[in-house]
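Everything below concerns the one structure shown next.
The first chain written gets the first letter, and so on, giving A, B, C and D; residue counts start at 1 in each chain.
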């Protein structure tokens, strides 16, 4: 190849490049989103809602970013992600059977695998974002944190599948349930007024990460408001030996332990307590609980007994067989669309999360705008998210500033044989401290 | 072999080596683009660089941005491992160090006590911090070889995540820290790149980052290439091939082993800055900046080619693109369900690594070089058929 | 042999020696590898060290290169003690070496191996190298030309860009000499340069050694099994036996020294041309 | 000398802590020994391969996890007896080990050491990914005879499964000793470890020895993996937590000396005890080091300390540098 033809080729390439620049490809959705914002205000009710990515005028497509596979992702998927997504799906199946949102717009879910990894999660997001109007579910704190700036840019709303209090402050997110901090506050407070007292030794055993911090923050707040000091706060790195921490709890004669763990560590912690002959009132936050701990036949008998005798779970919601309308509806939907579904707290969460999305979409339809910006606006028009007793109602008001996190937690005891292994001790329990708690900005 | 040492000048039939002829040849040989085909290649790459972000979907732009970041870090690691022969599992640590330095300096002052500095400042700072830490890590390398060094760098990786987690001012501890948001150089905002007003709407963040990251891939590749084609690069390779002999010809092991760590760590930290910009929020733990990430970098240089510059970039694109390709085509691969995709990706990744090491230990570039050497040997060295191949060793 | 006369002429008695080794003792654990070895090498001299296997010849080279650190004694090059220095420093001070079993950088091509010989002469570091244009490029070209000249002298030009690992043994030997020459040494250490060579090759190599010594005036220490070669070209000889110096002096004296003869007859192989090491 | 000093200081710290609160101390000490036994078992597998080939074999980590799952499969899915399952798994992993050697590692002779190490990392990742593809729905523990059972030693309770681990660790060490000392094969293995070429010259079948070493490493990996999967301390159960524990054993191996079986066991115990002590006392005495995580890096810090004093570890053979 001689010099002349090389020069020709280079020239051609550059010309081609400039041509494409002028014609434009790339991120069309950003431009659509931008255009949509400008026209949102002029829309009015009654007419067909404005379309946008993920809404073609008949079907609303929602995204689910959840682990489906991966080294850690698989475990999270099996125990949490899969039942939660199934909860989303069963809810929408029942709504679609009645015509869909506002009786006419069917909803479909598009799931992308995050492998419980922020990098993969971002790619999952980029993969489906152009197809969806909003994110029904984003699971995993690190995955969601990496996604937050993009949600803002793309004007996409998302349902967080973790209970960090900070989600309340993000206008793109619509949390639905009591935060970890409040679960801690209420859990300890319930103990003080039911069997324990302020003079007992109250301690914390927490995972050393963001979730653990949230639990400890709540415990500190409750201690300050109720007027006692935490005897000791023990932390552990996930999947490490907990002998030293449990021994410390024992040495401090802790009567009650707020247990801020995930289900990966619950068994090891309790087995260590049994090994060290240590008995206390364990108040576990909901992520530490898995129904199969007491359901499966091969589980270790001493472990089961210990849980039944010593553990409470501070969570939200009610007994699986509760007569509240929210659960009646859920059980009916399960019977119809997922008859094999076992009672599962994460399924219930996913079901209610879809219910919240439904309420937001209804508002969007009423506003005549099912574009992303329209859905984002609808969050502020929903007023209060209502769950018919399945969860405490969540006051949203007109902006993130007016959102008020629900304060009640439900305290369960553990009973093998009942659905989810959970039996309500006190439904929707709210402590004095919980009413004044404000999540840090 | 015939007469070895310079025979008497009169007996020499050919012309004596003429200085200017030799000089011209030297000039030709050390050129970056010695033949026209290299220029064509460069032009094609330039065209691709300009065009790709305009036509790529967000997903593929994302994948290529990440591949570019891996290429930068991989270039640094290749200098250390491929050229200087010092195996390290610590690359992810430098990515973390770079990312958090950038975060602390670059995030806004009202976000976790950030310092709100511009891109150029936090980029340079991260490079300097990476170089300084690299110096400290390089010191033990003077005494440790092979397996020991691998384990010590693994330990360094764990220590780094620990220190970062404890240093709450910088990393915000367990909660993690947001990375700097905007990237502005002069008046160009790479997160919303408007191609000099030629489009009615600016490009997306992924596409903007593509332009930013890949220009740095090119700069890094050029700098690394310059190092390896000049005196320090030869010294590094000498250390790799025979360290005691290298020392005897005058190569200071201290300067070059530690130097390799310094340069490679600085480049790793630079990759970290871009990783931060890409991921936007980072928590200092094993999951985000751990062994998996380090192995990823090693895989890039193995698959692309140990001890080559362009191979590293090719390797980064292969390793970066493969999972997404598998994911995109997972519907067409029988027996592959949503829950086994990542296991399948893992198997393909591991097999790629193992098979490359077994069949083509010098990776993609090795295959290319093997082809070239075969030609070379045929023309240059008759009678050396029994000797070992150039690409083994 | 003209080289012999030349070498004698260039080292007038009275001037201080280039290299002065005094009372060097080297031990590994309980084994004494060198015991009180003393000798000196004058400017331009061709000095040889002989002795049976395990006599400690290579150990001396390793001490001169600061690879080993003798427990006792001094090694002075131009009055500067080499004991305790880094090996790379000895290169800077003008010591070059070829190895008994070859120590080339086999993944690099011939020119790069020669260029490594010029490492201590060149100045481009990481930063200048990174920037390339200007200084680094000029230095590179300048030294490359010099290496090409050396390659030409040694008949290595056809293999310039071939990785040395795939080249035949004899060529590799020459590359090693070329690398040592590229270092522009004042003292060249040759460790069995003709080991494994046939008669023709040996003669070529001998001619080369004399030429380097004679025309370039480089002082040399030659460690060699081939007694004929040593006797032909060396100026003075040190004979070692199990680390102990047994004789030191001009070739003629050593040839007839009874202790040397005994040490050599003590071992099975008779020294002679072409004796394999 | 320096090493003895460090040892005395560490011992003094232990004695001080023992008097500070005996109950806590001995509980932690017992946990540390239990943890150490697991590390020791993992390290013994590393050591066998290091002696035969001179590389740190990361594939061992994968073999440990994979071995646990194979045992699980036999016990849970096929309902086999626990010991029989473990034996079966040991056979499977021995075959995998020999396969790795025959089809992968053997082809790498003479390649740069980092390439070989990277190959073993590749094999580790391969095994780990295979687990994800094969056992998509595994339980969290291998059913075993000791679930929830403890034995009391004074006031200290020890899990029975930990006792079994310690006994198995001791048994493996003893059989290594017997093998190396009293059998011809063992003699060959020792010769190979010292100098492969010389061993070859003596008529020892080095390839055979290397293959055998891989088989042994596979079998030892199964013991480590199975006990971890059965809930031995640190109670990670059956899952990828096992590979995290196995990786944690690397510093123990360096501390003991890469080629010394007794070093592996002592290194393992040192790291195990140091780990538990760090978790138990660091937040109390040196709170500035953070709420957790220090214990995880302590093994590596100890390792660097030992390397500074003795570059070949406590019991390792010194590496001779050649020109």
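In this section, contacts are C-beta pairs under 8 Å (C-beta built on N, C-alpha and C of every residue); 3 or more make two chains touch, one makes a residue touch a chain.
A quick note: this is a predicted structure, and the numbers were derived from the prediction, not measured.
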Chain centre (avg CA) closest to assembly CA average -> B
When B-C and A-D are ranked by contacting C-beta pairs, first comes B-C
Outermost chain relative to chain D, judged by CA means, is C
Whole-Å distance, C-alpha centre of chain A to that of chain B, is 38
Per the C-alpha centroid definition, the whole-Å distance linking chain C and chain D comes out as 48
Note: chain B residues in touch with at least two other chains are 240, 244-245, 339-340, 342-343, 346
Residues in chain A with touches to at least two other chains are numbered 69-72, 74, 208
Where chain D touches two or more other chains simultaneously, the residues are 128, 132, 136, 293, 296, 323
Within their complex, chain B touches chain D through residues 81, 85, 87, 140, 143-148, 150-152, 154-156, 158-159, 161-162, 165-166, 240, 244-245, 291, 295, 298, 302, 306, 339-340, 342-347, 349-351, 353-354, 357-358, 361, 392
In the complex, chain D touches chain A at residues 21, 23-24, 27-28, 31, 35, 128, 132, 136-137, 139-141, 143, 147-148, 150, 157-159, 231, 233-237, 239-241, 244, 275-276, 279-280, 283, 291-293, 295-296
Listed in rising order, chain A residues that touch chain D in their complex are 69-72, 74-75, 78, 208, 234-237, 239-245, 247-248, 251, 264, 267-268, 271-272, 274-277, 296, 298, 300-303
Within their complex, chain B touches chain A through residues 36-37, 39-40, 43-44, 46-47, 50-51, 53-59, 61-63, 66, 173-176, 178, 181, 195, 198-207, 278-283, 285, 287-288, 323-324, 327, 338-343, 346
Given the complex, residues on chain A that touch chain B span 1-3, 6, 9-10, 13-14, 16-18, 20-22, 24-27, 29-31, 34, 68-74, 77, 111, 113, 115, 117-120, 122-123, 126-127, 129-130, 142, 145-146, 148-150, 153, 208-210, 212-213
